[in-house]
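Lettered A, B, C, D and E in written order, each chain numbered from 1.
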Amino acid sequence: MPPKYHIETSQVPNRFQKITRSGIIAWEEGCLKCTRCVKKDCVYQVYEKRNLDDRQMLDSLDSACMDCFRCVQNCPNRLIHKGLNPSYKALGDHYWTPEIISGLWFQAESGRIPVSGAGYGGPFSGPGFDAMWTDMSEIVRPTRDGIHGREYISTTVDIGRKVMAIGLGPGGEIISQAPPLVEIPLPVIFDMLPWSPPGDNIQLSFLYGARALGTFAVVRQSGINPAVREFLPHVIIYVDGNPGDLKEELFSSARIIEIPDGGDPIALQERFKSINPALVVMIRLRLGPKTPERAFALIAQGAEVLHLVADEYGLEEGSDPLFIKERMKEVHLHLVDKGVRDQATLIGGGGIAMAEHMAKLIICGADALSIDIPLLVAMECRVCRRCKEGIACPVELDGVDPLWGSLRIANLMAAWHSQLLEILGAMGIREARRLRGEMGRAMFFEDLEREIFATMGKRG
Amino acid sequence: MDQKTAGLNITIFFCQQLDIDQDKNRRTLEKELGSQIRFFPLPCSGRIDPLHLLRALESGADMVYLIACPEGACRYREGNLRARKRVGYAQKLIEEIGLEGARIELITGTAATPATIDTIARELLMRDATVGISPVRSKG
Amino acid sequence: MKAESNLKNVLTLNNFAVTAECGPPKGADPGAIQKKGNILKGYVDSVNVTDNQTGVVRLSSMAACTILKQEGLDPVLQMVTRDRNRIALQSDVLGASSLGIRNILCLSGDHQSFGNQRQAKGVFDIDSIQLIQAVRRMRDEGLIIGGEALSEPPQLFIGAVANPFADPFDYRVVRLGKKVAAGAEFIQTQCVYNLKRFKEWMRQVRERGLDKKVYILGGVTPLKSARMAEYMSTQVAGMDVPDDIISRMKGVDPKDQRREGIAIAVETIMALKYMEGVHGVHIMAIEWEDVVPQIVEEAGLYPRPETPEE
Amino acid sequence: MATDHFQFPEIKKAPSRFRNALGKYRITITSACTNCGLCVELCPYGAYRAGSKRPRPSDEHLCLGPSCSKNDFYCVDRCPEKAIHIRPNPSFEVLGDRRWPAELLAGTWHMAETGAIPHQGLNYKTGSSGGGFDKIRFILPGKNGNSSPGSDDNISTAIELNRSGDSRPTVTIPVPLYLGGMSFGSVSIVTMLSRVRAATALGTFCCTGEGGYPEELMDYDDHVITQVATGLFGVREETIKRVRIVEFKYAQGAKPGLGGHLLGDKVTPRVAQMREAVAGSALFSPFPFHSVYSVEDHKKHVDWVKEINKKALVSVKVSTPTDVDMVVVGSYYAGAHIVQLDGSYGGTGAAPDIAKKNIAMPIEYALPKVHRFLLAEGIRDKITIIASGGIRSAYDMAKIIAMGADGVCLGTADLVALECIRCHHCESGRGCARGIATTDEGLTGLMELEWGTQRIINMYSAWRTQLVNILRRLGMKSVTELVGRFDVLAHMDYIKQEEVEGELD
Amino acid sequence: MITAERKPMAEIKAMLAPYRKILVVGCGTCVAECASGGEKEVGLLASALRMDAQMEGRTIEVQEMTIDRQCVYEFIDKLTEVADRYDVILSLGCGAGVQAVAEVFPKMFIVPALNTTFIGETKEPGLWVENCRACGDCKLGYFAGICPVTRCAKGLFNGPCGGSKNGVCEVDPDSPCAWQLIVERLDSAGRNDLLEAIYPPADWSRQQGKGPRKIVREDQRSES
């Protein structure tokens, strides 16, 4: 059994004051300075620790308040109110919701999984990943790791092609060659960002993080500069330009290379592998209605790893796009049907925003996934996309310290890892590899609604 | 843009209730003017503190505006009334150190013509400048 | 100089007393006092000298009283508690008596903020009633505040003021009672224009039997003009000038208004003269002392009774 | 049934513990007020109290808001100085969450305060989660439709908990609900006792949760369910013998498959003693029972308890995996009298958010599945099915019964009655800042036992009133008639108001 | 509580003129309550001073601190760590606070930022009114809870002067006549005996005795 995978976490403080859902609206005129709110009512010392962030004119009262309402309810002059913070609502967009963003901030800051008291407080279900639930097991023997530390659950997955049967020579000798396989301890690679503020520091943060976690970060061919070379064993070089421009020595240090689909990717794959047979080559496909067939065709031709990407909202291309989880299910089942599923690795990406999405996409058939925006959010990004429009970043991401950034990324990944363990543990599954495609151990909103509610109101 | 207040650093505090899409609406202006314009959204103009106004001047603003909801339209009923008094207090204080009180100004929207934050800001930029570059900035 | 108080003599012999007020000059000129004294001489029984009235610095009351005394008048030394603490007050009481001044009027005094020394520290160590009590004890028991004995007690006829027109109205008589209990022997009231209210006050005074214990002198101030009437009505605290007086003044041609003011004063004196319990009048002709003889004559109070002099 | 003559406890007013109650509207009085006192006189709901300088809107949570303007006692219009302003309370919109929106919280507080159905126009029936109960409505005949004749007294809300036909006693509760397990440690002793005392007054039960059987509860033995959970904290033969129902907890809906976790901060000496653990150290309740890896193992467990206490009924609490129907049948064959299905949206002292949201299914799906499966197996009437995990209101309760439950088990609603605000911070530091889910002495002192007991009694009395109203309008004489009546329910995604006769409520 | 008002900026500036490193110290008690010397006011004053210096092309260093109470040594001690790095302390305490801080730091120059005004009460937000003059000889029991020393412009003990009209004081028409209030309250309390009584001269030595007044309570003193 390999050594237990553990990600070191630490409290890595924010550089900016967080934007929170509600704020305290307190009128100071008329305040009796009874300090009841300060001394007695606030068990979190929010008032005592109050300060003003000059850069953003933000009051720490807002971000530190835990919403117990005692000050509101006990102020003798009724001077304290709470109000929704419109800036919170303005965070992100319909998909990258304020709840998701602030959840990611918490995890990146603390490395802890979000735990709370009282029951679930969110919507009953929702679109995309919110329309499915994972299973649990009442009494069969599950394995648990994480907080209880009892048994080992592996989250390791392999990237590469597998031979389905060992070919034996006439003398019984093994003649089939095992293709190269790269193991990552967490089913996550870091993808290129759809957008980000300029500056190398963000990329450096990713690389530091990938190296520390034992995984990979995708870097465009054009972005391979001297600073990146140091990290080559943890870089997936994305060859989106002229392959001839790549220096040969890169192939000896790199372990994975990604190429876009289109033209003849298999030929390119073979060309790279002829330079370094230990290379794993990954083909990047934009998800769409034709992906199942295309995936099968590529695998049949010898593709090792398919990176199936949706857009930042998890949507494939096309006029009536499917959500990544639906198309992934379809690709997976199609490959199962064709009997080739286990030959290649499927990596899904696009719209992965929470730890649960990781588990759910694996259940829907991915071996691993690629993430992008959450890594930026870990560094306090507000998903405002101002940088895209050439406006200064409100949290000055361009000036981020790569070390700080990588610690935040490590924290986030540690929290995701722990949450994956929670899901696996509850299901009684010992390995992330075995979670893949376990659709029977999930519950889908559409099925349940049809089964349970559509019959309501019918007599008999 | 062809603003009359060219060269001046403008800081705008504003009540977000005025413009639900403020975050999007102010972007073009921010892009055009860069660091010359800074927006600070507030959940209510009553959240303004004289300290905010002073700190804005101290950190290099030449003009500080607070845009509040029209009277009677404050969601907290009295937030904008309180804002008015606080602006007055801050003006008096800066006048005592020889800075023009006019560098801080309260702008009250009118209920009849709800405007986006960028149109209000543009109007302010098009006004004849009553003050020049702040001595805090130029001599500091 | 052992002369008795002329005012006391007039009152104890049951005469209707007439006193007048005399404001000292804002300067060190004794002639101004002498001049005013000579105008009043023979027409009044005694002359009050104000003590830095309305907080304006003037020639001291004690000095002015001394000058009047020298001119043959019977002065009333006004003494306010605003400017001196109990040490200075008691010392001045002794000084006044030693100079032959035989009447003292004890007041708290107008607040310093009305005068020309607004930054002054108001002393108010003791109040007017405490001063009355102190003077009475000095005279009758030969003891100062705290109980120490005097080598020679002062001889003074002790007066106080009352304002029937201030609020709270019902308490005004109580307060008069306190002043009497403290030792006041005569009372000079605020200017009477509102006879109705004054009558009501006098009724309360009689009800308490205070008119039997103290000599009450009604205050009279002749109006110079309708404007003055209005001013006093609205701007001077504690003054009550009813509307009918104001309209009566206004109803007269401005050049005849002085005449009308004198007429009102005379009528008021006549009314007071026949009011039970009123023992005299105190005429406060502010900076218009030369009208006093005319008023006294027209009110039929001239000549003044001769009182025995020691 | 004897319980039809059950004497329900008296309702007594139990106003907020805090100076300013939280309501939908905020009343302000400007300095124009002359303190004439007219508003105090006018308001029939008692929103104002007289004050020294001006009246105090001390009970503004009772205010009807601007909709009051049609009344001749509308203070805003009648105030001679026009000094009164009524606006939506900004704090109110911050309150609660999708499952327990502010109106549901305030409506529940109102019931707990007064025992009456809220009059302020609050939605006290559903939340705004956008699915499940929140999209399900009763199809009720019109107000004057074919409701059952006679007075409400003839409508029974009682249910029987032992339907197995074995030799164990029958246990009837006059209301189709009992109160679920919340351990001493996760909640304060005052909270625990308030719930047990309220359950006693209501003739029903309250479960201890996994954390021992504090001696303060012993006066109420007949109304206590003692819990045997995976950590076996505080489980003793002696306590199993005291009670009428013993509950095995296999899983908790909010964190199925994960076991329990009590953070060290909440393990005070008293808690530690009760659980035979060390103060200050975090306690884990493992998952699963290490002695249970099959239905057969489960049966051994049930038999063990039945042996120790010959009279007790056995309840099994499970959560809702895909195969929940099989789990229930297994429990039945293992000899359980009651199966409590705990849906995934239930309450908890602390759980990973990922578990609360994603693991296992909501109770609205699980219950019909189980009900239908048991019917098909022909054993539905041999076992009592209790639904829990996300039952927030009398309407949720009635709906889940119509979807196949016999009764419900509650937890969060009780805490809301005690003025829980659902800030979701039960787990942190000293625990609940409002003194409900805490073991901190200072914070525990924020609540009084009598008050807490009465609030819970008041709330459930109001629930019962609502249940009786629903039954009456459906023409039913007993809540048992409602079980499994999917036909009286409509899901708004599938049935529209215009497709039904009567009212969707 | 003790009330105070900020001094005009010009006066503060003049006093601070010789100094470059300024420690601005607020007080979290009375003067915070009357919004003249709390943390907020420290922030405002510090900001104003910095801007002022900037405008004049001077560089100054301003550190802001607010302690719980400037009149108690235990709280002042919090300043010791930082104080010696500054040239001057600008205290936003009341007179008692300024002097206590001065005593703790004998080598430092100290400047008051406030004018200490009176002992008073918050009548309403933004309005503070004096109602005690700490005369050391409280007679409120005789005057129905209304202090004639403080609230009568002339400090009269034996009834109102002649200037009381319509319930207001002639000196300040915005203030009620204290004696009007006393008379009304004593009357409604049925204590006319107190209205008739003559009060002897007060013992002012309790207020203006021999230098600073002291209260000694042996039972409260620490043993050593």
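In the analysis below, contacts are C-beta pairs under 8 Å (C-beta built on N, C-alpha and C of every residue); 3 or more make two chains touch, one makes a residue touch a chain.
Values in this document were obtained by computation on a predicted structure and should not be read as measured data.
Student: Can you give the shortest number of steps from chain A to chain C, where adjacent chains in the path must touch?
Tutor: 2
Student: In contact with chain B and with chain D at once: which chains are those? Just list them.
Tutor: For chain B paired with chain D, the chains in contact with each are A, in label order.
Student: If you average the C-alpha positions per chain, which one ends up nearest the average over all of them?
Tutor: The most central chain here turns out to be B.
Student: Would you mind checking which chain's C-alpha centre is most distant from the centre of chain D?
Tutor: C
Student: Can you tell me which chain lies farthest from chain B, using the average of the Cα atoms as each chain's centre?
Tutor: Following the centroid criterion, the farthest chain would be C.
Student: Based only on mean CA positions, could you tell me how far chain A sits from chain B in angstrom?
Tutor: 40
Student: Nearest whole angstrom, what separates the Cα centre of chain B from the Cα centre of chain C?
Tutor: 65
Student: Cα centroid separation between chain D and chain E, in whole Å?
Tutor: So the centroids are 55 Å from each other.
Student: Going by the contact rule already set, what residues in chain C reach two or more other chains?
Tutor: Where chain C is concerned, no single residue meets two or more other chains.
Student: Which chain E residues reach two or more other chains?
Tutor: Expected reply: 40, 43, 124.
Student: Pull out every residue in chain B that's touching 2 or more other chains.
Tutor: Residues 49, 51, 55, 75-76, 78 of chain B touch two or more partner chains.
Student: Let me know each pair of chains that touch one another.
Tutor: Result of the pairwise touch check is A-B, A-D, A-E, B-D, B-E, C-E.
Student: Quick check: in the complex, which residue numbers of chain B touch chain A?
Tutor: 13, 16-17, 20, 22-23, 27, 30-31, 34-35, 40-41, 43-44, 46-47, 49, 51-52, 55-56, 59, 75-76, 78-79, 82, 85
Student: Using the touch definition from the top, list the residues of chain D that touch chain B in their complex.
Tutor: 26, 28, 85, 87-88, 90
Student: Flag every residue of chain A that touches chain B in the complex, lowest number first.
Tutor: 23, 25, 27, 29, 52, 54, 56-57, 59, 81, 83-87, 90, 384, 386, 389-392
Student: Would you pull the chain E residues touching chain A in the complex into a rising list?
Tutor: 32-33, 35, 38, 40, 43, 122, 124-126
Student: Taking the touch rule as given, give the residues of chain C at its contact with chain E in the complex, in rising order.
Tutor: Residue positions touching the partner: 82, 86, 108-111, 113-114, 122, 124-130, 133-134, 145, 161-163, 166-168, 171, 174-175, 177-178, 181-182, 190, 237-238.
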